[in-house]
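Down below is the structure, laid out as structure tokens.
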Amino acid sequence: MTSIASRRWRAWLAAALLLGGWGAFKLPLERALGAEQVRLRYGGARVTPEMRDLVSQGAAMALLSGFRGAVADYLWVVAHTYWEQREWFRMHRLMELVCLLQPRSVLFWDMSSWHMAWNIAHDARNDPDEPRLAKRLWAERKWIDAGRQLLQRGVENIPDRYELWARLAWLLDQRVGDHAAAAENWRRAASFPGAPAYASRQVGYQLEMAGKLDEAYRYWRELWAAHPQKSGEPFMLWDRIADRIRQLEDRLQIPPGQRLDTSGVRDHR
Amino acid sequence: MNPLARIAAIARNTLLEALRQRVLNVILVFGLVVLAGANLFSEFSFDDQFKFIKDYCLGVMSLIGVIMAIVAVAQLLPAEMEARTIFTILSKPVRRWEFLMGKYLGVVAMLLLTLLLMTAVSAAVLFAQEHSLVSDAREGLARARDPQAIEAAKASIAKIAAAARDPWLLAAVVLVSLKVLLVAAIALAISTIATSMMFTVVVTSLIYIAGHLESTARAVWLDPAQPAGPAAKVFLAIVSILIPDLGVFNLIDEIVLGNTVTIVYLLKAMAYAGGCLTVVLLVACALFESREL
Amino acid sequence: MSDTHPIRLRGVAKHFPLHWRRGRVIAVENLDLEIRRGEVFGLLGPNGSGKSTTLKMILGLTPPTRGEVELFGEPPARPDSRRRLGFLPESPYFYRFLSGAETLRFFGRLCGVPNRRLDERIDELIALVGLAHGRDRPLATYSKGMLQRIGLAQALVHDPELVLLDEPTAGVDPMGSRDIKDLILRLKAAGKTVVLSSHLLEQVEEVCDRVAILHLGRKIVEGPLDSLLSSGDRATLEVSGYDAARTDAIRAALASAGAQLVAVGRPRLTLEEIFVREVRRAGGDKG
């Protein structure tokens, strides 16, 4: 007899079995996908306590629901209005939030750190409201450091592309003056496919500027040896590299027999 | 005789009906207008512009798609019950699951049509942007004299084209569509036990949000180191088992950002979404079988 | 068995539980019904008497709480048993954007009417229910009577042997009501079994062979219309040359034959009278 009660029970049972069975089946699937996500470094919608402090509840809902990109873009635009109003601290907060919302976006880390270490730092140094030079210099250093710290978090999130390594290297070179660290980061940047040719040259330049002439010379020679064809890569500027090698050979007083033969190199642009 | 013919007949009618619904049309037109406004970010450099346009378009597509899916599905059964058309149809030699799948597929056709339109508008916006940026770059190329500048201008034109015509964007559109269809299926399953349209809308929205938190719930549940009481663990277990992990669709973000996405991972994510979709539809059919009409 | 009785209900009950365990509503209680092949059967009773619920159970739209329903000898939830049945719901609404012909095409497809037969069948049905002027108009523009006609047409699209009509004449003007009754008689003549429900008892008097009257979910009367409507040993004499002034003479003549003149006028009871009488009796039984 098919009374209603038994029919309903059967349907609910079927539904529960289906969902339960699928649930048991999908859990390992999800864990595998999740593990792969971590391996591939896909930044999922993981709500960190840090993020919770920064976003209001409503925004959290929206960003969790797959619109993080759009929310981040909107806040990015807002951050730029703060830039125009010279509201640096607000801008700093908001840019940190944008970076947290989309930690896999090169653009946000890159631009945010650039604003801090260059634009805001420069403004702080020339602040017309602050007569004391020492205070202005201190503020400049503080902003440069904020930019550096942001970029260091950026490379933790996107270590698989050259851009942020290059940015960090550039910042260390131009704003901090730590050429040895800059060389190290240029080396990381140059190791990724798609990295511009100057990244490879910057390693050598920075080593020279750091005073590590031996290391720089070894590096140039290795770079030279690694590209026997000296072609294929535009902007590699082998003539300049040959120049550097010759100068270093003079300064390091390399015996003539051990010097590099660069006579055959044409200008490769 | 032929269930497919019956399902097709019901789906066709549902599509025609949906296309006539003012609410859905208003939402769609709103979506298209909003998409056409994606160029508002023209003050940024071209890298940013493409990222913003892609984020914005895919975000709008997924938001509008999800809203339309929930609204359209939530009123399917109540409308049929109120107009009593459901009695006429089910008094024919039509099985209940055939009716339900016909209704679902009709809405799916409407949603895919909507997504197609929105994709077309997004593509138009993207190509318009590409066109204006490329013509700017061409001017630069014409003015360039030394070989290095010419090379740089050429490279930047290639970069613009690559950013605008990233074939992975199609994968992102497919993922958005899968997500919308999954949400529609969840709404359908809820509506088979719902007594009002509002119930379906609210519960589906909650599941949608919970779906994005499922990975967190699962992690806390399965990690013995996590401090959680037994009641909390049971709750997390239920959430983890019953609710699909909508976090798989975060892949869309990676595609927009131009990060490397492996084909294998994409296929796995799609297979997972497809599995969820199938199970949710089966559940909907099982529940509808016992529904009092 | 199923050949002689397309529909059979045995001890059928339908209760709707109220929420929060506030008890239940009894829609139908302990109902036995057997519909014979080829008859026009009227399921009568006021609104809320359980007619529609009974039809829904026959259609398999809602399962009975107790008892058994057989449609052509099978449980009605199976789609095969519904293939031989056509149904007109109460005040039917169809998809308003479809035209009359499109509506019939849609339902024809659902019933598995082959495409090559469909065009022909649509023409036949449009003619049968007299909807030539509404053929290509959307149903949104239809009047109540036209909707009822298209409803009838869709119920017949696959030429079923059993037709269930829920309130077929409700809200229809007298002319339309006449047409519908004619159609029912034509269906009967074609050998179809027709079950119709109505709360307007006198409207179905002339078409039904047998009726059952429901009240508060219980069957209070069932039987052939003729025997129900005639009252005991009474008879109607049709007299020509009747003169009201001489009624006394007629009475005397009847008295000599052992009979008695009760009334002059229409002697037939109406279904309303029967209904009221039976409701009183049922109430008296309980009290």
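For reference, chains read A, B and C in written order, and residue numbers begin at 1 within each chain.
Going forward, a contact is a pair of C-beta atoms (placed from the backbone, for glycine too) under 8 Å apart; a residue touches a chain by one contact, two chains touch by 3 or more.
Predicted, not measured: the structure shown is a model, and the values here were computed from it.
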- [ ] Report back the single chain whose CA centre is most distant from the CA centre of subunit A.
- [x] C
Open item on the list: Report the chain ID whose CA centroid sits closest to the centroid of the full protein CA set.
Closed with: B
Open item on the list: Top contact pair of chains, counted by C-beta pairs?
Closed with: A-B
Open item on the list: Centroid from C-alpha atoms only, then distance subunit A to subunit C, rounded to Å. What do you get?
Closed with: 79
- [ ] List the centre-to-centre spacing of subunit B and subunit C in whole Å, with centres computed as mean CA coordinates.
- [x] 49
Task: Averaged-CA centre spacing for the pair subunit B and subunit A, given as whole angstrom - done: 30
Task: Overlap residues in subunit C, where contacts from two or more other chains coincide - done: 62
Task: In subunit A, residues with contacts to at least two other chains - done: 4, 7
TODO: Could you tell me which residues belong to subunit B and also touch two or more other chains?
DONE: 292
Task: Footprint of subunit B on subunit C - complex, ascending - done: 16, 56, 59-62, 79-80, 82-83, 85-87, 89-95, 97-98, 106-107, 109-112, 151, 154, 164
Open item on the list: With touch defined as at the start, can you tell me which subunit B residues reach subunit A in the complex?
Closed with: 41, 47-48, 51-52, 54-56, 58-60, 62-63, 147-148, 151, 179, 208-209, 212-216, 218-219, 222, 240-242, 244-254, 256-257, 259-262, 265, 268-269, 272, 275-276, 279, 282-283, 286-287, 289-290, 292
Open item on the list: Using the touch definition from the top, list the residues of subunit A that touch subunit B in their complex.
Closed with: 4, 7-8, 10-12, 14-15, 18-20, 22-24, 26-27, 29-34, 36-37, 40, 42-47, 61, 64-70, 72-73, 77, 102, 104-107, 111, 158, 160-161, 234-235, 269
Task: Contact set on subunit B toward subunit C in their complex - done: 1-2, 5-6, 9-10, 13, 16-17, 20, 83-85, 87-95, 292-293
